[in-house]
Amino acid sequence: MTRVGLIRLAVIAAAIGALELACRLGLINHRTIIPPSEMASTLWTLLASGAINADIQRTLGMIALVIALSVVLGFVAGLVIHALPRVREALDPFFATYYAVPIFIFYPVLIAIFGLSIMPIVLIGVATAIVAMIIATLNGLDRVPRVLTKVARVHRLGRIKTAVTLQLPAAAPYLFTGVKLAVSYAFIAVVAAEFILSPAGLGRDIADAYADFNNRRMYALILFLLIIATLLNSALHALDLRWAARRTGGRP
Amino acid sequence: MTATRRAADTFILVLVMLAVWQALHQIAGETALPAPIPTLSYLVHNVATRRFAENAATTVEEFVYALVLAYAIGLAIGVWMGAHRLAGAVGEPILVALYSLPKIVLYPVVLLIFGLGISGKVTFGAMHGILPVALLTMGAIRAIPPVYLRAARTLRLSPGETIANVLLPAALPEVFTGLRIGFSVTLLGVLLGEMFASKQGLGSMIMTDMQLLQGEEMMTVTIVLFAFAAIANAVLLWIEHRLHRRV
Amino acid sequence: MSGPSVQHEVHARLEGVTRVYPSAAGQPPVNALGPIDLDLRKGEFFAIVGPSGCGKSTFLEVLAGLQEPTAGTVVFEGKAVRGQVADGIGVVFQEDASFPWLTVWDNAAFGLRRKGVAASEIRRRVEDALTFMGLKDFARAYPAQLSGGMRQRVCIARTLVLQPRLILLDEPFGALDAQTRLLMGDEVLRLWRRTGATVLLITHALDEAAMLADRVGAMSARPGRFIDIIDTGWPRERDSTIVGEAAFGEITGRLWERLRGESMKALGHVDMTAAAGE
């Protein structure tokens, strides 16, 4: 590990250690924050007992579903829009403003329409993540060297074959950035939706534990989600860095 | 000519969106999703109600405090990490990791620390905004060509003069991008905070309307918030383009 | 080559100057420059030529006060120079240092504005400098709208308005093509004659140094030391047409003779002919 990496590890460890110390020494009220070690041990117990397995499955399953839908539909939508320049121009201001607007406040409207089921959560998740994928797809397709599409026409490949065998691999590094963003947004949207209002899931679990004053359970679950999110995002980030060379080394 | 064509296309897009809305309304029913035209009429007539004004005032108050905090802390962190190479190298991945976290899971902790009043929502909003401001400010400072600093020394500027007259204007375009993104995410953070365990503010108003099946008011508040965010972003973007055009 | 011996007034003096970059992140310390002993004569045009990485830019920065020497002293106009840029020294860097958020006019006026100079004086000097550098028509333009060569002229104008007595130019024409460089050389000579300043020019181009300077210092590969200082003997009123004179060929020949081995060293080759005892 590099020197910088070691320093970073030390900083994080020091922060956690300081929190632990502050809690144990009574500087921080036990009713406000519990020591990190207690968070970890409670989490361990919960996981070992299998008590939260159903919720884990539900939350992670929803996130996976949202990711799958956003990435696939986003890519296809990006392909279609890319092929229709006039549509793309019309949609440009929409895309530019999309993430400046708090999309998530549409969630209660979705609940009003579809009721308290998985639909509003999936929909708000996809709504949040899909545009990132579309923008990344458009970006990636822009960078496909034009000569490749001409080669496809010379070989008389159909639209779908061209997309799959030529455009997809050429745009792949940029598409991956879209996937990375979609995963991150899916995670955030699903967990937020579960937290605000949902019949089940880890987000709902945390909200319940908070309402029940069950700090130990609440912090254990928070810790779990933080760890999963961090691991997932870090792994994708590391992979994205690998693709970075292909991105910047490409043609201008 | 292309400008008018683009405007026409955008107009067509808006019509399509309204048509989809109308279709959804047919499917979902009156209380779930009111139709576009009645909603717009409601908006025009009822947006000035006392209840709306009170809730809007709460949200605005929380948002302004959160934004000031996010900008001040974000800029400070960004300048520090941009100027000190080691701090930047160590801290950047931490900030990036925090940026992609579902910060909503930390909201109960914020509530436990700050209680159910305004400070909780202000803190939560600021937590969202600090990150893009810090990250982009750091990037902006790092991107300043070192020759500018050498030039400032040959022109015999004091450190204060160098910061004010060279560093700041050189970094401004990218810093402003951070401020613009920070604006949007801080707003989202404040609204999220209001949607959970809050009795005041536009976010909580939406939740209440949903529970009481007041579709028109719910859609109205949603539209007002979208419009506010979109217009504010457009203004900030315009300023940003003007800043970038010279660099 | 030189005329009757003239008593030259010393404008800047470097004695025993060395510059060592301290070790960092597992790399050994770098002996970048020195030892250097040089007297810069008042009003002369001095050029330094040497292979890449020999320490020419370091020399300039130490003389200007942008870097402190590890050993030795730098004296400018009788006062020691240590880590601070002295009053009366102007520097034009290799990289584009024009400020993109200011117009050409405001760039030129930048240094003066902070010195409490009267507005009318500022206007006079800036107009003068911009006219001299051929930028009068572009006063309201932004650097981003100009070519690289013109941006360098903006930087020169910014330095000029401060009326420096010693002007340091660090490879200012590095990015330009050969013909443009010759013409820019004419500009620098005009500048030198007009301001009466002492000029120090760093370049890697032998012909440029031979054409422009009164004296040319040939610098060795790292750590840079002067292996020869050649007097060109050119008249003060000169321009790029002197490249046609026989003396020009002799001077460049002599410079290359001195520097060929050093350049090969810088590239990592051993001078085989010297090793074979030529």
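First chain written, first letter: the chains are A, B and C, and each begins at residue 1.
The definition used in the following text is that a contact is a pair of C-beta atoms (placed from the backbone, for glycine too) under 8 Å apart; a residue touches a chain by one contact, two chains touch by 3 or more.
Computed from a prediction, not measured in an experiment: that's the story for all the values here.
For the interfaces A-B and B-C, the C-beta contact count is higher for A-B.
In terms of Cα centroid distance from the overall Cα mean, chain B ranks first. When each chain is reduced to the average of its Cα atoms, C sits farthest from chain A.
Computed centre separation for the pair chain A/chain C is 55 angstrom, with centres defined by C-alpha atoms. Separating the CA-averaged centres of chain A and chain B is a span of 19 Å. Centre-to-centre, using mean CA coordinates, chain B is 50 Å away from chain C. Looking at chain A, no residue sits in touch with two or more other chains. The set of chain C residues that touch two or more partner chains is empty.
Partner chain B is touched in their complex by these residues of chain A: 4, 7-8, 11-12, 31-33, 86, 89-91, 93-94, 96-97, 99-102, 104-106, 108-109, 111-114, 184, 187-188, 191-192, 195-197, 203, 206-207, 209-210, 215, 218-219, 221-222, 225-226, 229-230, 233-234, 237. For chain B in complex with chain C, the touching residues are 145, 147-148, 150-151, 153-157, 161, 165-166, 169-170, 172, 246-247.
Interface residues of chain B facing chain A in the complex, by the touch rule stated above, are 6, 9-10, 12-13, 24, 28, 31-33, 86, 89-91, 93-94, 96-97, 100-109, 111-113, 180-181, 183-184, 187-188, 191-192, 195-196, 203, 206-207, 209-210, 213, 215, 218-219, 222, 225-226, 229-230, 232-234, 237.
Only residues 61, 64, 66, 85, 87, 89-91, 93, 95-97, 99-102, 110-111, 114, 142, 144, 155, 158-159, 162 of chain C touch chain B when the two sit together in their complex.
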